[in-house]
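Common to both upcoming complexes is chain A, partnered first by chain B, then by chain C.
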Partner chain A sequence: MSLKRIVGRLVFLVLVIWAASTITFFIPRLSPRNPIRERFAELARIGGFSPQDLEAIVASYNTKFGLDKPLWQQYFDYVSSVARFDLGVSLNKYPKTVIDLIMESLPWTIVLLFVTTILSFVLGNLLGAIAAWPRAPGWLRSLATPFVLLMGVPPVLMGVLLLFFIGFRLKLLPLGSAYSTGMVPDWSSLSFILNVAKHQILPALSLILGSVGGWVLSMRGMGVTIQGEDYVLFAEHKGLSGFVIFKDYYLRNALLPQVTGLALALGTVVTSNIVVESLFGLPGLGRVLSQAIQANDFLVIYGIVLFITIAVATLMVVVELLYPLLDPRIRQE
Partner chain B sequence: MGPILEVRDLQVSYYTDAGRATALAGASFSLNAGEKLGLVGESGSGKSTMALAMMRMIKPPGRIEAGQVIVDGVNLRELSEAQMLQARLNKIAYIPQGAMNSLNPVTRIEAQMADAIRAHDKQTTKKEIAARCRQALESVDLKPQVAKMYAHELSGGMKQRVCIAISILLKPKVIICDEPTSALDVVTQRQVMETIDRVKDQIGAAVILIGHDMGLMAQFVDKVAVMYAGRLMEVSTVREMFTDPKHPYAKALINSLPRLDNKGVFQGIPGLAPSLLRLPPGCPFNPRCSQAMDICRAVIPPSVTLEGGRTVACHLYADKV
Partner chain C sequence: MTTVAISQPEVLRPGRFTLTLRYLRRNQSLVIGLLIVLGLAIFTIHGMLTIDPKRAYPLAVLPKQPPSPQHIFGTDFFGRDLYAAMVVGLWQTALIGIIAGALGITIGVVLGFTSAYFGGLVDSVIKGICQVLTPIPAFLIQVIIAGSIDKREVTIYTMAFIVVLLAWMHPTLVIRAQVLSMKERQFVSVAKLSGMGDIGIIFQEILPNLLPFIAAAFVGQVFASMFASFYLAVLGLGPLREPLLGNLIWAAQSQGAFFNGWWWWPITPAVAMVLILGSLALINMGLDEIANPRIRRTE
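What follows is the complex of A and B.
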C-alpha cells in the first residue's frame, strides 16, 4: 500500500463528502416551507402571541440564522462553517445544536446497526457457506433455508409481527421505547444496561431475520464456485481434514467479495433503521432524521446526511485499505 | 522385492440419469519403485478416472465398484476414511492437472506446505516444518524465498514446481502426475519433466504420468499404458510400444503420430470413440478395428501377458500365450 494511494483515497473521500453535502444543501431549499415560520405559527395558533407579530419574529430569526441572505451566500457560509465542524442549530428545536442532536441519538443507532449488521453477516455467511458445502450433514445445510424464505419480509412488517406475537400476545419482551418508563438513564448501572438490552432484542431481530437470507444467497453462490476450484481439489488430494479445507481454502476465498458487501450494507442499514426506530420508538439517528424531514428542519437534515455520508465514505476507504490484507493479489499495483 | 504399486481389476462406474457408465473396466498393472508409467488415451478414455480411483477421490455419482490398489503392501481400498486421509500424500500423491490454479491464492506457499505436513504429523515443530519446506523447494530447484510468496507472484512453471514440492513433502511411494505440462511452454515442460524425474530418484517413488503428448512420453517414461473406453488395451515398455505395438488400437495410435521421415501424411483412426453408455458388444474397439474378427464382436478380450511381460487385451494374441 503506497502512501500515494492512501493520500489519493483521502482526497477522494473529501470530494465525495463535499459533493454529497452540496446536493443535500439545495434539495430541502427547493421547498417554499420555512421551518421558523411553521414553528411560530404553531405557537401562535395555541395562543402565545398575536399573529401580526409573527412576520416580525420570523424576520428577526431569518436574520439571526442568515436565512435572509441570497442562497449562494448561505451555501458558502454553510460550507465554511462545516469545514470548522460547526453544523449550526436545529431550527425546530432551537437552541439545541445539530451536533448535540446527533450525539444524543447516535449511540442508539450505532449499537443497533453495528450489532445487527455484524450478526447477520456472520450468521448468513456461515450458513451460506455450509449450505454450499457438499460434505456438511443435510440438517446443517438446510438451516439456511428458513432465512432465505424470510428474506422477502421487510423489516417493518417483521417488526410488527414480532411486536404482535412476542411483545403483545406472549408478553415476553417490551413493546417499544429504548428503556422502561420511569428508569433513569445511568450507563454505570447493570440493571439499566440489561433493561436497554431487553428493549433492543425485538428491533434487532426484525433487522437481522430479514437480512441473513441475502448473505446466505450470495455466499452460497460464491461457495458453489469456489468448491470447484483446483486449489480446493488439490487440498483434498493433500489429505487435509475437511475442517481445514473448509476454513482455509473454501471459506477464506469465498468471503472476499462478501467483505465489500459488508461495507455497502453498513451504509444502507442506516436508512432501513429509520423505519424500525420509528416503529419501536427508539431515540436513534433515523428517528431524528425523519422528524427533521417532517418539519423541514434543514440544518438538522444537512447535519445528519453529512454525518451518514462521512461515515459510509470513511467505511469504504477503510475497507479498501484493509482489503489488501485479506487478498494479497491486490497488494501490488 | 515386489512391485511398489499393484492395481488389480480396478473398476469405476458413474451412475448417470442415462444409465450406468463404466469409466474404468477392470484395469490391472504393476509398477516397481523408480519406474515411470505413461498413461495415454483419448479424452474420456478413463485416464483421470483411474488416477482419482487410485487416490480414492471418485465422487458421487461415481463409485469404485471393485478392485485393489496396493501401495507398498497396503491395500488402499481397505483403509478407513481417516486412514485414507493419512495415506494421501504419505503413500500416494497426486499432482493436479491445472497447476496454474491449484494453489490457494490468499495464503503464502509455506502455509500451504505446512498444513499438508501438519495434517499427517501433528507433532512436527515449526522449525522442522520450515526445514522440510525449504528442502522440498530446493529439490524442485526453487529458492527458499518462494515459501514466503503468494501464488500470483510465481510463473506457471514455478507454480507447477511448487505443486511437485508439496506432493513430495511426505515422500510418497507413488506419484501421479495428471498432465503436468499442459499449458506450459516447451522449455518449461522439459524443466518440469526433469524435475519430476529427479525427485522421483531422490525419494524412490514410482511415477504415473497422464497425458496426450506421445513425444513427451517417449522421452520420459519406461512403460506406456494405452487406454480406450475405460480399458487398458496394452501395457508395454516404451521401446516396444513405439517400435512394435501389438494391439491394433496402439498400432493405429502410433501410426497417427507425425513423423520426420513421412511428412504431410497423417493416418487417423476412422470412426469415433464410443459412448461409455452404449459400448458395442465384445471389444469396445471392434467397430474401428481393421483386424476385427467375429469373436471381437461377441466376447470382451481378456488381457494376456506376452513375452517380456507386456500385456495386451486383444483376441489376436489370445492363442499365443
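What follows is the complex of A and C.
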C-alpha cells in the first residue's frame, strides 16, 4: 500500500473528527437552552436563593467556562481541547470530568461490544458458509434460517422479549443491572465474576440473535460466487478432502470482504450496544448517556457522543489500513 | 363451393390480474409484509374511530391493571389504557416514519440528481459532504439534537425533523450512483442528440425509469426513520407525553415494569414494533426484487 493512500485516509479521518466536533459545538449553541442557568435554577428552587445571586453565579460560571468570549474563540478553544482529549466537566457530578465518567464505564461497554460482535461474526459467517456449501448435510444447512428470520427484530426489542420470556416468565436469568443488589464489586472473587457474567447473558443474547442473520446473508452470497471459481474446481479435482476445500479454499477467500463489512457495521453495532445497555441498566456508556439525558447534563451527552464518534471513525480507518495485510492482492497494487 | 373455416387456435393469454396474482405468489415476502401492514392499518383505523384518544394519555384510567376484557392490553403505571395508547402510538410512529422517509428521499432525489447529472464541482462537494458525514453514527448526532431541544417542546413533528436531518446522505449517494449509470444509457444520448434540454431529460427520461428504485428506497427510508425515532424514544429523548411505542418502552423500563410484575406494559409496544419493522423489512425485500430485475424470480 502506498504512502499516499495512508496519508489520504488519515486526512479523511481528521476531516471526520473535525466535522463531528463542529456539529457537537454548534448544535447545542443554536438551541436557546442554557445548561448552566437551567442547572442553577434547579438548585435555586431547592435551596432557595435569590434571583440576583443566581445571575451572579451564572455570570461567574460563564467566565470560568469561557462562555463570555466571542463565538469564534469559543469554537477554536473547543476544537483544540477536543484535540487534547479534554471533553469538559460534568455539570451534575462536578468536579468529575467527562473523560473520567467515560473511562469508568468504558470497560463494561467494550467487553460487551467485543464479545457480542466476535460471537455473531463467527457464528454468522460459519452458518452462512455452511448454508451455501452444497456438500454439507441438509440439517446443518438449515441451521441458518431461524437467524435470518430474527434479523427483523432490533436488539432492544429482542431485549424486551428475552426479559419477558427468560427473565420474567421462566425466572432463569436476572432482570437487568450489572450484578445482584447487595453485592460488593470485587474482581478477585469468583462468585462476583460469575454473578456479573450471569447478568450479561441476556444483553449479549439480545445483541447477538438479531445480528447473526446479516452475516449469514452476506456470507452465503459470497460463498455461492466462490464455488464457481476455477481454483475450487481445481482443488476438487486434485482430490482434496471436502473439509480442506471448505476451510482453505472457500472460507478463507469468502471471509475477506466480510472483514470490511465488520468495520462498516461498527457504527450500528455501537448504537445498539448503547441502547441495550440503557435498557438493561448496565453501567456502561449507555447508562451514563441515558442518565445524563434525564439529568440534562449536557456536557456529558456531547462528550460521550463525540468520544464514540471519534472511536468509531478511527477504528474504521484502522481496519481499512490493516486490510492489505489480510488480502495480498491489494498489497501488490 | 364451401369454404372450410379453419378455426383459429385460441391462444390463452392470462389477464393482467392473473399475471399479478402469479407474480405475488412468487414474491411471498412482499405479500406477507403487505398483509401485516394492512392488518396494522385496520387495527389503527378501527381504533381511531372507536376509542376516546384521551384514554391514551396519563390519568385517564385506573393504573396498573393487567389485561382484562375491559382493558384488553392492560393499563400502565401512569393510568394510560394501553389499547388506546397502542392505537395512537402506532399512528404516530407511522406518521414519523412516513414524514421523515418522504423528506429524506426527496432530499436524496434532488441532491443525487443534481450531483450526478451536472457533475464537476457540485458533484465533488455533495459527494464529499456525504462521505465525511457517513462514518459519524447518525444516531449519536440525533441524540445531541434531541438533547438540545427542551423536552416539553418536542412533538412528533420535531422528532421526524431530527431524524431526517441526518438521514439524507445514504439516499443521495445511492440515487447518485443510479443516475450516473443511467446517464450513460443510449436512450439518454438519443434524447440529448434530439435536442432535449437538461430538465426534460431528467424529468422525462431518467426519473420515470428510476421510479421503482426510488419506491424501494422510500420503504427502506421509512424503515430507517422509524428505527431511529424508536431508538431516540427508548433513550428517553422522545416527546415524553405522547404514547409513542418507544416512549412506552422507555417509561416501562424506567419504572421497573418487569421487577414489579407489570409485564404487559413493555411487551405490548415491543410486539407492535416488531410487527411494523418486520413487515417493512419484508416489503423492502420484495420491492428490491422489482427494482432490481437481475434478482427477479421468473416462472
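One rule holds in what follows: the second predicted complex is superposed on the first by the 304 of 333 C-alpha atoms of A that agree within 3 Å, B and C clash if a C-alpha of one lies under 4 Å from a C-alpha of the other, contacts with A are read in each partner's own complex, and residues count from 1 in each chain.
The definition used in the following text is that a residue touches a chain if its C-beta (ideal position, glycine included) is under 8 Å from a C-beta of that chain, and two chains touch if they have at least 3 such contacts.
Since we're looking at a predicted model, the values are computed, not measured.
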Clash or fit, chain B versus chain C on superposed chain A: fit
Angular separation of chain B and chain C about chain A, which is computed from CA centres of the superposed model and rounded to the nearest 10 °: 80
Partner chain in contact with A:Arg135 - chain B first, chain C second, else both or neither: neither
First (chain B), second (chain C), both or neither touched by A:Leu326: first
Chain C versus chain B, contacts on chain A by residue: C
Partner chain in contact with A:Val153 - chain B first, chain C second, else both or neither: second
Which superposed partner A:Pro28 touches (first chain B, second chain C, both, neither): second
Which superposed partner A:Val16 touches (first chain B, second chain C, both, neither): second
First (chain B), second (chain C), both or neither touched by A:Lys64: neither
Touched partner set for A:Arg252, first chain B, second chain C, both or neither: first
CA minimum distance (chain B, chain C), superposed complexes, angstrom: 12
Complex interface listing, chain A residues touching chain B: 229-231, 233-241, 244, 248-249, 252-253, 256, 326-329
Contact footprint of chain A on chain B as seen in their complex: 55, 57, 85-90, 93-94, 96-107, 111, 115-116, 119-120, 150, 152, 163, 166
Contacting residues of chain A [partner chain C, same complex]: 12, 15-16, 19-20, 23-24, 27-28, 30-33, 151-154, 156-157, 160-161, 163-164, 167-169, 175-176, 267-268, 270-271, 275, 278-279, 289-290, 293-294, 298, 301-302, 305, 308-309, 312-313, 316
Parts of chain C lying in touch with chain A, wherever the complex brings them together: 131-133, 135-137, 139-141, 143-145, 147-150, 227, 230-231, 234-237, 249, 253, 258-259, 261, 263, 266-267, 270, 273-274, 277-278, 281-282
